[in-house]
Structures are given as C-alpha cells and as structure tokens.
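Read from first to last, the chains carry the letters A, B, C, D, E and F; within each, the first residue is number 1.
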Amino acid sequence: MKKVECIVQPGKLDPVREGLTKIGVSGLTVTEVKGYGRQKGHTELYRGAEYTIDFVPKIKLDVVVPEELVNQVIEVVMENARTGRIGDGKIFVTPVEETVRIRTGERGKDAV
Amino acid sequence: MGFIRFAAIVVLPSLFLGSVPAWATESPAEINGADTAWVLVSTALVLLMIPGLALFYGGMVRKKNVLSSMMHSFVAMAVIGVQWVVIGYTLAFGPDVGHFVGNLKYMFLNGIGPESVSGTIPTYVFIMFQGMFAIITPALISGAIAERMKFSTYVVFIVLWATLVYDPIAHWVWGEGGWLLNLGALDFAGGTVVHISSGVSALAAIALLGKRKGFLQEPILPHNLTLTLLGAGLLWFGWFGFNAGSALASDGNAALAFTNTQVSAAAGCLSWLLGEWRFQKHPSALGAASGIVAGLVAITPAAGFVTPVWALVIGFAAGVVCYSAVVLKSRIGYDDSLDAFGIHGVGGAFGALATGLFATVNGAGLIAGEPKQFMVQIIATVATIVYAFGMTYGLVWILDKVMGLRVADDEELHGLDQAHHGEKGYNL
Amino acid sequence: MGFIRFAAIVVLPSLFLGSVPAWATESPAEINGADTAWVLVSTALVLLMIPGLALFYGGMVRKKNVLSSMMHSFVAMAVIGVQWVVIGYTLAFGPDVGHFVGNLKYMFLNGIGPESVSGTIPTYVFIMFQGMFAIITPALISGAIAERMKFSTYVVFIVLWATLVYDPIAHWVWGEGGWLLNLGALDFAGGTVVHISSGVSALAAIALLGKRKGFLQEPILPHNLTLTLLGAGLLWFGWFGFNAGSALASDGNAALAFTNTQVSAAAGCLSWLLGEWRFQKHPSALGAASGIVAGLVAITPAAGFVTPVWALVIGFAAGVVCYSAVVLKSRIGYDDSLDAFGIHGVGGAFGALATGLFATVNGAGLIAGEPKQFMVQIIATVATIVYAFGMTYGLVWILDKVMGLRVADDEELHGLDQAHHGEKGYNL
Amino acid sequence: MGFIRFAAIVVLPSLFLGSVPAWATESPAEINGADTAWVLVSTALVLLMIPGLALFYGGMVRKKNVLSSMMHSFVAMAVIGVQWVVIGYTLAFGPDVGHFVGNLKYMFLNGIGPESVSGTIPTYVFIMFQGMFAIITPALISGAIAERMKFSTYVVFIVLWATLVYDPIAHWVWGEGGWLLNLGALDFAGGTVVHISSGVSALAAIALLGKRKGFLQEPILPHNLTLTLLGAGLLWFGWFGFNAGSALASDGNAALAFTNTQVSAAAGCLSWLLGEWRFQKHPSALGAASGIVAGLVAITPAAGFVTPVWALVIGFAAGVVCYSAVVLKSRIGYDDSLDAFGIHGVGGAFGALATGLFATVNGAGLIAGEPKQFMVQIIATVATIVYAFGMTYGLVWILDKVMGLRVADDEELHGLDQAHHGEKGYNL
Amino acid sequence: MKKVECIVQPGKLDPVREGLTKIGVSGLTVTEVKGYGRQKGHTELYRGAEYTIDFVPKIKLDVVVPEELVNQVIEVVMENARTGRIGDGKIFVTPVEETVRIRTGERGKDAV
Amino acid sequence: MKKVECIVQPGKLDPVREGLTKIGVSGLTVTEVKGYGRQKGHTELYRGAEYTIDFVPKIKLDVVVPEELVNQVIEVVMENARTGRIGDGKIFVTPVEETVRIRTGERGKDAV
C-alpha cells in the first residue's frame, strides 16, 4: 500500500475528491495546512505598516491506495488540481506497511 | 461637558463662582424629568462604550492577547468605577482648591442624596455621567501598551492616573473654579480632558515601555476584525450619549451635538477610507473602524459649538489627519500598538483647536471673529499635553522601578491571556 | 413615520400643506423635552441597527467574505451619512415639487439651527432620525448581492440609489405634499419606504448580477451564527427606536408601537421556528434570527395603527409568509444570498397590506369598515414596487456597463475580504 | 419594581387596595412624557439583556453547544414574549385572587388601549417593561441545564414555569393584593421574583437532570470568552433599565437606583477578581464577567432603598459570596453548568436580605432601626425558595416522565447544535 | 522505528491516549482532520436549500514507536477507538528511518 | 527523497524557515498540531474546577528534500528550534518514493 500525499490549492478539494471517487478511491483524509514555496505570499498593510505573509493556505489530502492505483491517483490529481499557475502544489508518495480498519480489524487492501 | 455651556448660558454663573455648589447644600432647583431621562440614557450609553472599546481593541491584538486587551477596559470599569465614588468625583467636582483640583468634601459621595439637584437633573445622574468619562479615559490608554504590559502594574497605573491626572484636568476644564474654565476654554464633551490627556499619556507610557517583540519584523495582525467593527459600532452608538448627553439637557443643543456627532463620524470614516483607497489600494474594515473613531474624537470638544457643515469639515479633516499620524508612526517606529496616540491624542488636539476656529454656536471662535478663543484653545491644549505627559512619564517611571512594567519574554511569546489570566480567549 | 400620524392627528395640517415648513422659518412651537429625549434615543437606537445588520448579514456569509459583507453596512453609514445632510434630507423633506420630491432648499441643512422646531422636537432631531432610515435602507439591499459584487460599484450604487430611489419614495409617503401622503396611505415606520423599496430593489439587482459561483451546487453555509444571533438581537433592540420612535413623541402611541413591535417580533420568531420544526425537523438558530426580522419588518407599517392582538396575528403570519418565500426561492433558483427580498420585500408588502386590513387605531382599515384604505395600501405597495424595481434595474444596468458589477472569478473564489479590503476577518 | 415604591410613595395606596386597577377602567391620571420616555428606554434596555445573556452563557459552553445555549435565551423571547400578552400579564398584574395570583381579566391585553394609564406612564409601557422581566427570568435558568437538556422539553418547561412559577411570584411581590406586597416586602427590581426564583429553580432542575458527561473528569472549557465578556457588558448596560427603570419615573429615585447599580457592579467585579487573584493566582476574564453579574444581581432588590456607600458594600460582598458559592459547588460536585444557582440564587438571596439590613431610603431596614423589615425579607426569601423549588421540582419530574429531559448520549457527545438545530455555530 | 497513524472519531482521543500511556507510549502528536469514506456526512438545510456535507471531523494521532511496539499500539487503538459503527477510522503504519529529539540531539529509540 | 517531519514549539516556525531557506530548501508545508509528551500541559481553573490540559500546541513542518540534504536540514532545525527545555520537539525522517509538481508534472528532485 502507498500513501499519496497531495498538497493542493484550497478550491481544489471538491474536484479532486470527485475525480478520485470515479476511479474507485473510496476514502481520504484532509488537513488544512499552510505552504511555503515558490508562490510568494502577499503583503498586507496594517495601519501603515507593511507585512509580508509568507505562508499561503493549502489543503493536504492523504489517500492510501494499493500500489497499482498510485499512478492513476497521480493522474487524477494532476487533472483536477492543475491551474498551471505557481502554487498548484505537490504530490508525495510514501510507503505504507500496514493498514487496519478499526471497525472490523480487516487489514491490507480490505481495510481501505 | 455642556457644563461650560451650562455655566455660560443658563445664566446662573453665580452658582459656579461661589465655593460651594448650590445643588449639594440647597435644592432650590426642580429637577426636569426630560433632561433627567436623557442624561440617564446618555450615562448608560457611555458605559456601553467601555465594552465597545474592549471589542475595538480586543479584535486588533493577536489571538493570544485578546482577553488581556479586553480586560484592560473591563478592569477599568471595576477599579475606576469604585475610585470615582470614593475620591474621583470630589477631586474633579468638589469645591475648588487653587483652581487646580476639588477638595475632599464629597468623598464617598458624602452629603449627596436622591433629592440633590445639579442644574436640572439629580446630582446622582451628573455624578454617574461624569463617572463614565472617568472610566473610559484610562482605558483608552490601554491601546498603546497592549500585548506587553504587566496586568498588576496596569491596574495600579490606572488608579493613580485617574487620581493624579484625569481628576485634576477634569477639574480645570469642567469643575467650577477650574482655571481653564475660568479662562473660557471650550470643551464640550472632552477633547482635552478625555482625548488629549489619554492620547498623550499613551505616548509617555510607551516611551518607557518599549516595543512589542517582533514589531515591524514579523506580521502582527488583528486577530478578529468582526470584534473591532462591532466595537466601532458600539462606540458610535455610545458617543451620542457622550456628546449629546454633555448638553445635560434634552433640548436643541443636545440635538445639535447629536447631529454633529453623526455627521463627523460619517465624514471621518469616509475620508479615512478614501485615503486608504488612494494610498494603499484597499479601503479596509480596520480603516473604516479607525475613521469612525477619528471623526468621533475630533468632534467631541466642538459638538455643541459648531454647525453641522463645520462638523462635516472637522470629521473629514480628522480622517485625513489621524490617518496620516498613524501611517507616520510606523515610519518613525514607535509602537503605539492600537494607535491610542495617533487617534485620540492627535484627533483630540485637532478637535480642540478646530473648536477655537469654527465655534459659532454658544461660543465664538476665529471665524466668528474671536481670535482670542483660538488662543485660549491653544493654551488649554498645550497645558493638557504638558501636564498629562509629564505626570504620566513620572508615574510610569516610578512604577517601572517599583513593580516592573513588562511581562517576561516567554509570557509575551505565549500570550498574556495565559500568563496573566490563566485562560484562552477561544477554544474553537 | 408617525409623521403621518403627526400630520393627521396633531391637528396642524395647515403647517403641512403650505409649501414652506413652518419650523424652518418661524418657531412658534415649543420643543417638548420628553418627546425630544425619546426621539434622540430612538435615533441612536436606529443607528445601532446598522452595525446590527452588519453582524446579522456578516455571520451568514462565508468566512472569506465576512468583512466585505459587514463593510456594506458600515460604508453606508459613511457615505449616506454624508449624502443625507448634503442633499438627501432636502430631497425627502424639503418643500414639495410636483408631489414627487423635495426641492434643494435645505441642502447642507441650510437655514436650520438648534432652535428650529419640527412638531414638538428640534428639527435637527427629526433630520437625524430620518437620516438613520436613509442609511439602513440601502444597506438592507446588500444582503442580496453579498459575496460577489464589486465594492466600488456598490458604493456608487448606494449613493445613487439613496438619491434617486429612497429620497423620492420617502417624500411620497412622509414628505408634506407627497402624493401617497395626500392619498392617505398609512405607513407608520417604513413598510413601503424602507422594506418594500429595499427588498424589491434587491431583486432587481440580482436579476442583473447573477448567482454566486457554486450556488446550490456546493454547501454555502453561514460561517458564524453567533454573529447573526447577536445581530438579530441588536436589530430587535434598535427596532423599538425605529417603530416607537416614529410616533415622534413620548406618549401612548409610542407605547402602542413599542408593544406591537415586541409582540410581532416574538410571534414571527415563534412561527418561523414552528415551521422549521414541522417541515425540516430542526428549529434552527438561523430560523430564529430570520423569524425575528420577519416579524419586525411586517409590523413596521402597522405599528401605530393596530392593536396588540392584531400585531400577534401579523407577526405570526409574517413568519409563515417569509419562511415560505425563502424556501420557495431556493426552488426557483434565484440567488438572494441572505434573503433581502424574501424577508424585507415580501414581509414589507405583507405588512403594508395588513395595515390596510387591520388598522383600527389612528386610522381605519378593512376590519374597521374602510375598504378604501385597503385600496390605498395596494396602490402604495404597487407604486413602490414598480418605481423601486424599475429605477434600480436601470441604475444597476448602467453601472454594469460603466463600472462592472461582479468581481473577477478568482477574487470570488478567494474571497472579497482579501480582494477588496486587503484583510482577513480572522487570524485565529 | 419601583412598583412598591410607587404604591408606597406616590401616596395613592387606595388605587392598589381596590380590586380593580384604576388605570384600566378610568383614566384620571395624565401620562408624564419624561417618565414614559425613561421607562420606554428601560424596557428596550431590558430586552437587550436577553441577547446579552445568550452571549454570556453561549461563550461559556463548548463550541458544539453554542447555538443550543444561545437559543435557550432566544426562544424565551419568542415563547414568553407571546405567553406574556396572552396570559402572563394578567396572572401577574390582573385583579387579585386570594393574594396569590391575578385573574384572567387582561388576557390578550383585553380592555387596555393606548390611552390607558398606569401611574404616570401608559399601561402598555408598564406591561412591556414587566414583560421583559418575565422573559429573562426563565432564560436565566438555562445556564444550569446547558449542554444536555432536550430542546423541546426546555421550551415546554419555560412556558409552564413562567405561568405556574414566575407569574404568581411576581403577583405576590408586585401585584396589588399580593401577599408579600401586603406584608411590606421590599424588592426594588426583582431579587426574589427574578433571581431567587430562577436560581433556586435551576437547582431543582439539575437535581433531576444530572451532570454533563465528563463533568470534573475532562476539561469542559468556555469556548469563546469574548462572547462572555460582551454579554457581561450588555447585561451591565441593560441592567440600568432593569433597576433604574423600576423606579417607573425619571426622577431622583431612578438616579439613586442607577448609581447603586453602577457602584455594585464595579465592586462585585473588583472583589471577584481580587478573590481569584488571591486564591487561584490569576484574575480571569470569566471572573470579571461573573463578578459583574454577581454585583448586579445582589443590588437588584436594594437598588432604590440603599445609599451608594451601602451599594459598594453589597457589591463587594456579593463578589465574595458568589465566588465562594461557585468554588464550593465544584467541591460538592453538582453540575450547575454556568452557575445559575451560584450567582442568581445565592446573589439574589444575599441581596434580598441585605435590603432588609441596609435600607434607609424609601424604606427602613435593620440599620435604620427596623428589624421587622429584615424579618419580612427573610419570609419573602424563604417563601420564594420553597415555592420555586417545589414547583420546579414537580414540573421537571413530570416533564421527565412525559417528554424526557436529556438528549441521547451520542447527541451530547457530538453537540446539541447538530442534534437539535441542524447547524454548527461556526464554519471557520 | 515506525509511525502508527491512527484516524479516529473525535471523542476517542482521550481513551486512546490513556490506553497508550499504559503500554508505555509516552508521546504522540494530534491533528484535526476531515475524513471522507464510507461514513456519509449529513445533509444540512439552510434557508430551504439542502446541502450534503461530505466530510466528517476526525482526529489523527501520529505515534512513533519502535517496531516491536507496533502491534501493541494497534491493539490498544482498536480497543479504545472501536464503536463498531461505520466511520471508526483507520490505522496506517509507515516506516521511520530516523528520529531525533531536538532538545538533546538523541537519536533512535532514545528520542521518543 | 526523504520527508523530514519536524515538530517544534509554536514560536519557532519563522527562525526554522529562515534557516532552511539559507541552505537552499525552497519549500515546506506547515500544520498546526497538538502534542503530548514529557512536557506536561498546564492546569486551568474554571469556576473553581481544576482541569489538566494534557496537550500543548505545536507546529509540524514537513520538508521534502533529496537524501543528501537530510542531515543539513536536521542540523538547521536543531539550531533554530532548540531552547534546551522539555518540549522542544522531535524530528522524524521518512522515505518518499515519488514526488510530483502538480503544475508541471516534473518528478523527483526537480519537483521540490
């Protein structure tokens, strides 16, 4: 099993989720994060003082899938989260050695 | 206060030149129910400004300091609320001592009862109305020292400040026998007494207190501007009591002060927004809130003395002047966290002088051919600045030695809510 | 306004049929302190409704648009606050021109002073009281266009709308010589002038503006219902000034209007909650807030003309009618974001007609055997609908061509707070 | 209510001993505009206390229950708002039946019109003023049962409680012919009627309802203390109407009640903060808010009967007494979630007895050499406690059998906002 | 070392934490997340419009432990987080190659 | 590629971020988390009741870097996040098998 960690623009959660459902991914977990990268934050003026906001809001999706689905997941995310502008985000794939469904105790592929 | 107005116009000057206020010893006057109703309401309105101020300031600090900042106002309600009836009122409005301060005759409101009359209203109402001013004024200072001052020192500071700075200045300007009243200074509802005194004291305090850690280096952003907007709304609402209540009567003068208050607040808000639009591309919510307060501050001394057209001018100019002051501050680099000086000090001084220029009702300023009044206003402004700055600087200096001014670095980092109040503002 | 009442009952109709208002040129009348106190307070109460509205609406939008939505109300305080004293008041209440609008005599409140009297109160008080109505009415429209309209266009829109739509309609109904006043239309505190006009204009505006992106496709949920509830509370509180202040006196009529306001708000809240309980299983906080406003809107034109039992009926029915309108809207698919039309347009029209049915005090409706009054109310309602819809549609159409109505897609996505005001509501 | 005062001082006792209230049938008295204005305003102020209470309580519960808690107050505005004009008013103030309750003569405010006069104000104003008390009192109880009671049962409970508990007790103390009024009990603005009755009923309710899951095991922390502080501010503001409005006139007595209210609130806040500072190292924002309310509660029965110095003492002592009660509660382990009993029950009883000790104005207590008055106060306090506790216990017991009191465990876990109102307070 | 990532129901944080302490797990890190899976969200009605809320609030616990403790951790979580209803959540085990305690610079098992 | 997961004190985000920029790390992702560990929470008193708050606020930084940078990253974090007091936090290093830049589709080192 692999975990595909996708960091995307805030507005892109719904399209990506829908795309993933279509290829049979039935679960995922979402975290609100702040990103720092090439996309620069904006400057805010408060009472005459100018501040640079370095971090921009992003959404992180963790999708655990069997190895054979990884490439499909990457494609779906690319398709649905891409705007072509700096800040579209990253996908990281990491190994998952065991998965368990707490409700039933099922393990491995059956658990996701 | 329309107290001046009262002295000057109700044509009972004799009452005020004698050393014993008439209403405390004799009750020849009848109370007027309508005036009483209006001043009662006005008093309640001014009380509401204090939670309003707590929100206005509280929304502008960082989340970790929101309760600390709000408590600056709430604790003023507690301690100055008590101080006023114990000693504050008598220092400000007791029988004159050397044109400088009242004596202790009315400590604990001694000798005053429900039947005591002050002008056309029960003395109790007058005391309460004035008391709300005494509470909000030190709380205004808290905007400057937010996010880094020790709570215990703050509490001691405001009690001493109210006693040694506010009460005397209130006596000068509104107390019978006060030297600025004698001189003929015009201050309808507290341009000098409330705004200059608090704004300038704010400056003195931060001169000794220093900047917040990270000031101008890292973003120090308002954590909840909905609170600040609500606070500005409550301040606007309450300010009708502050200014129009200062007529101490339900009459045409109150109506004038009310109108000027409304017009100036609107104009101040408008010009601040236009300034931001022009110079930083965005008319901001914080700007709207700030402009409202700037307009309200500037009209305060003039509210019963100018016509609405001049109120429009004063409000508009106040937006420009205070906006500039606030922008300048960040250039100069002093850390008046929430702009107590930039808005109250600068706006109050501007208003006090504008009164000397534009007064045409119940008084005559420069445009009414009385340059002397303008001179008097300058004297009142300068005297207030010098006294408030000097006294506050000394007071804070001593408190620094005795109690310490600043929280520990770690406390500042993790927030004063946790450190001083053992709480968090939000568990969301 | 009880202005009608005033004209009809104070038995000084001559004052109002002449082309020059008596109080501006002569001052034969004495001001009544009690009436003045009550209308001063009422004016302040109506002012507070504007921040109340900002909260009511601000809590219902998404977090990214909270400041944008609140600024719709606050900027109205700034710009209409100024517009009213410059030109609005004279257009609405200046000497009549063709039964349609006032002339420019009182521009910049020219010729009015603290001693001017209007009925039994200082003219300044009357001006301010009316001015608050002029501010809140365009702000009501903002509920419909929330979360997608350009701020600059909105500001220009409300100034023009106040001048071209509100001021004339106020003149028709409350200005001496106004054609609806002459016809005998009853509108105690603004059913037609305030609620129908704003609600219908909201509809016209969104017809051109279009829906929010994602409307009915993705969840668009209120981001902070504590703000909305607080806003509803402040509106209820302020509405006592709105309605009972419209008696323009501190008397039994004010007491009646006050009672009806209270009763109708309670009944509206109750029936809305019961509707929700019945049809969607949950009586919601948003429903409580909406029902309160529905009840308040519907009683507005009737407040001084019906007995409390009828107020109970009107309030209860308003909850049902407005709840249905709001549920229907989502079926039909137009995007009146915060239901400005569903509540103010529908509730206002219902109230205006109900006044024609149930008036028995200071006026006589159908149940008092006066079917004619009901006809008059229909005429007033239809005339207001036609004029407000037509003018607003034209105005918005032109603004679309000249300035553009909508924000860019990206700005809508990331929120108007960032795009237009350079701020975030919360940094929590 | 100053009703007592009214009966005792306006020297028209005959009006009140007859079985038919004079103002409903004849109108010999003239209304006084100033008194009317002040009581109108006071009524609006008391209405505002209800949203204030919603915020005060709402901020103290966990995020998942914020709407549920606020709705406890808002729904009281809806249902008791209607109940009062239908039947509540006549039960409390209708012609006396057996010194215990009013008869049904004024159901639906039958026979009362804008011209009806009650003392010096329109009867409608008196009805509305009293009505606000009737609404807020059951809402006070909601602080005890927060976070676990079924909404439907709560709604039924407050309607029955208002009818069977509040209305009779109000009649005893303020209704002509009421046995406690006849006995000479002093309760200026509701120490027994409002605070003891609600506080004691809160205790009875939680005896049957049980604790929240996890009480004293896991942290149950206030989710938003900015709401609580704002709520406390609005309560303070509104309480001026509550207490000083109870003079039912704009006079020196109102001024006295106003002053005492202010002084006691400040002193209560101060002493609570000092207590916390001393015993738990941190003066907290929640403590400030609680101390304010404690001071306000305790002065309520005494507001028009004591001098400000004694108000200082009462407020200060109230802070100590209620702080101790609240700390004790957690030792004993009963779950009065937001301390309705600890503050209203204990503070109200303390105030009612303090009135018997310190009354010197418009009445005479122990220190004025009238031990009998103190006895009367004890009787009034005990009678209220016994009646309120017994009736409420019975009522809640029956409701438990008929409807069920508690939400399901799952609903309690996930929050009542979701379960009962289908909403979330925040989508941040 | 392994990281045991547990996604559980919001109310289950405290029991799980207590259970883990008992078997000697002395540290963990918690994130508030939103989950999408078999457990369907609820529908909310706003002013007559009906919305489906797809994501439900969940709590994510990251527990880094030596390999030999992994099974015990899984058991404890199963025990304390299970209600038997859909939505009880998942456990994912992933490899950790290095662990460092910032305060002391200790590495490996000593660091957790 | 490796993911360096750093759990640090709330105030340490900015210094760490600056330090990382200096060694050429151009991106990272930040999550607000709550930690449980040796550093005990504080007790809060509410209306006389005393509660122990077990969890303390922490910041989690995820930095994905090529293997050869890992030690440098660890050093920089140690340098900038250390106060020497309990609660300074942890660093966990985990393997990343694939990285993708959504905007361009670049993979591997080019993607971060």
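Everything below uses one rule, namely that a residue touches a chain if its C-beta (ideal position, glycine included) is under 8 Å from a C-beta of that chain, and two chains touch if they have at least 3 such contacts.
Computed from a prediction, not measured in an experiment: that's the story for all the values here.
Annotation of subunit A and subunit D: jointly contacted by B, C, E, F, touch as defined at the top. Note: centroid distance subunit D to subunit E, computed from Cα atoms, is 47 Å.
Per-chain CA centroids place subunit C at a distance of 53 Å from subunit F. Among all residues of subunit D, those that touch two or more other chains are 32-34, 37-38, 41, 218, 221-222, 224, 230, 280, 282, 284, 286, 422-423, 426, 428. Counting partners per residue, subunit E has 31, 44-45, 94-95 as the residues that reach two or more other chains. Here the touching chains pair up as A-B, A-C, A-E, A-F, B-C, B-D, B-F, C-D, C-E, D-E, D-F, E-F. Within the complex formed with subunit E, the subunit A residues making contact are 1, 3, 17, 26-31, 64, 94-103, 105, 111-112. Contact residues on subunit A toward subunit C in their complex (touch as defined above): 10-11, 14, 42, 44-45. Subunit B meets subunit D in the complex at residues 31-34, 36-38, 40-41, 43-44, 47-48, 50-52, 54-55, 58, 66-67, 70-71, 74-75, 77-82, 85, 108-109, 113-116, 121-125, 127-128, 131, 151, 224, 227, 230, 417, 420-428. Of all the residues in subunit B, the ones that touch subunit F in their complex are 218, 413-414, 418, 422-423. Contact residues on subunit A toward subunit B in their complex (touch as defined above): 44-49, 51-53.
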